[in-house]
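Worksheet: one structure, shown below.
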């Protein structure tokens, strides 16, 4: 990473004050910045850092007044925070702009790969796979038979997609995620053993979904496990067979959703939560971390906590009372003594 | 997938009513079926779907009477559910029937690979490995030095088996599972650092075990971590060093078992449960999801819930009372006021 | 594994009693040992096993007296336990002593690889990567652009390190671990969708850190996610963006730490614990398994349990009282009846 003030200013339509040839090689918070750093100041609360920072370039608002002269080169823009965010996005686009097909790889002759793609070395692309334009498939990815991947997807190193699964456009899947492993279905036999139930369905992931590292999504027993448009999944999440996650739902790390459960749209699930099977969660529900949901939530836009979960406010009251439990027990004992005496 | 009614009927010894040349290309529930779908009807409760479904072929019981004429081709069998399940198994066998050794691969010259196997591209098979007949090893699998894998096993893409581990016959291991990583053993030193304890044991997995995606099973410090015959493990499970899981035990996703603990036979562990180290769990115990087991369970065939876990019925009673805790506190306060007044 | 008594005795500076040519091919506990096993006796409590074991070689203390003649060859040392541990370490060093660069691999021409390394087949080493001397990189590892790995590290099969991350000296990373995946950061939009916040930071792992199988460590949004010297992480752990873990802290399996949280030095986190974001945990804190920490812990060297966590002793008292809750409710009812009668 190495940019001049001039280059940065051009990217974000800014106005330079100072040396346009100054060069930065890293991005930092203004309070941590060293020489060669780019930083920004948006919140007037942090203005004092302007006069002490060692940053080489600072992005600031057009209307930011200066109380003292400053060593750094300034780039003035309408909204420093927005411009800075935009800059990081552009920077990441440049930095992650991989192209071409690395060797060795395994691309089955019946697979179709679109234009302007990156296929990392050691990638396996099975029979009848379709990968559309502008995808980046990092090394060690496994894409099983008949899988279809939409335009503009990124699969980081070592993603595994089993046969017949479908990925929409603009999805990002992180390393080690497994899509389409068998649902956990076994029929108990009379002798105590279990007979595997064939899992012949698939997983369908709609557009703009992000899936975290080492997250697992099982294929449906029959039909599809479905992840709707705009869903964001963190790391190490387990979604079981025939689950459906509604659009724009966000799930934090290490949460598990059991088989055939339907989570609504715009739901927020905290980390390490567990959702039982064969239930449904209403739209806009907010489930606290480590909650256990063992029955359907029918009312929309409510907050839940605890295991088993209760409405958030009730759960908070219960937790407060619970912390006084030993004291409550003593008070009961006092009352009993008192009544005994009276009696 | 494309089959005629004639082909399906032959596979399940059925009798055709209608056009034997009708073709299906997918399998659906009777209520969701479209043209080109195969469905089945076993439960008379759903008989009305027979007359509205768009399925092209329906498997039904020999004794199913029809109230109206039906457009679909029927295949009559003794037990529609059993025949349908059988059909799916046969279909999966055909669909997943991979053979041959793909290139590039790394098979050490001292490794022995049996007959009728599938070895996917980018598979690594280390020195002295033995892989018996009829195994399917999908791409990107890593099989470390001296590992032995029995007949008829399937390892999906990206399974990792460390050196010296032993896998029985008929096992299925899903993508990203790690078998034989070091046990988590460190000796605390006087200066606050930790000294690694060498983990020289292995993992032994008996026959007919299924292991879910991204599940981890650590090798023993000395001796073996043992997974007995017929055990079924879901995704993202952690089994620590020197654990033993008894035969036909089933463990749901994201559960963890700590070091040296012995879980009995035919136990059912719900998801996200945690089992402490150095304890034992009696045969046929049933542990609810999110439970925490911190002491041995000695009585067989009991149900447990909560963290720390209690017998299921007790735990349910406590949870009900807990939801009334704030109210109970008020009642105590009322009593105190009343007695104060009386006093 | 095959060693003579003479070879073992030389390694640990022992004195042989019996046949120096006796050969062992495995290591066992003295009570389980079979012919061809090496065992040790350190604790006098187990002395009786000396006379019944089938072990071929036994390491014992210099001052151990024998009540009867023994068939096994003895190797006498000052401290049998220490010598045995040392032997296992030396054995593991020999056993895991891989060298050389296997084919096929992908090593970018701009990458620098040190001396005396092992690079397994199918390893991917990206542009500008630096790998220092004495590293062992097992097959299927992915090392992204600009990553730096210090001397003497071991990466087991299928480790994934995203671009720009830094690994110190003497680190061990187990299979399937993912270092540097994107932090889980999304800005909610007015239409209910989420806009991805670019994650441009990295992960910095200091010296002597061990990371378990399938553990995930996200890169910082800006700056670094930092794992300090001597940290030991078990399997399936989630560390979110901008987390900092203090030196010599130990974290058990399946625990999660949310974004921007700072865990102190010499902390012990039990398994399946969850730590909220943007808080700090004091040095030497001990957090029980399955705890939920939702606020900062400021006092050092305290023990915590429960979710939400409380000081350990308080939590234990509450749990005991909780198990009597239904009984407490009955006692309140009795009091009410009594007072009603009195009233």
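Each chain gets a letter, A, B and C, in the order it is written, and its residues are counted from 1.
We adopt the following convention: a residue touches a chain if its C-beta (ideal position, glycine included) is under 8 Å from a C-beta of that chain, and two chains touch if they have at least 3 such contacts.
None of these values were measured; they are calculated from a predicted model.
Under half of the residue numbers found at the chain A and chain B interface occur in both copies, marking it as a different-residue contact. If you lay the C-alpha trace of chain A over that of chain C, the rotation comes to 120 degrees, to the nearest 5. Chain centres here are Cα means. That of chain A falls 26 Å from that of chain B.
Residue positions 104, 122, 140, 158, 176, 214, 236, 254, 272, 322, 325, 328, 332, 335, 339, 342 of chain B each touch two or more of the other chains.
Here chain A touches chain C in the complex through residues 27-29, 32, 85, 88-89, 91-92, 95-96, 102, 104, 120-122, 138-140, 156-158, 172, 174-176, 208, 210, 212-214, 230, 232, 234-236, 248, 250, 252-254, 265-266, 271-272, 289-290, 319, 322-323, 325-326, 328-329, 332, 335-336, 339, 342-343, going by the rule given at the top. Contacts from chain C toward chain A in the complex involve residues 104, 106, 122, 124, 140, 142, 144, 158, 160, 162-163, 176, 178, 181-182, 184, 186, 192-194, 196-200, 214, 216, 218, 222-223, 236, 238, 240, 254, 256, 258, 272, 274, 276, 292, 294, 307-308, 310, 314, 317-318, 321-322, 324-325, 328, 331-332, 335, 338-339, 342.
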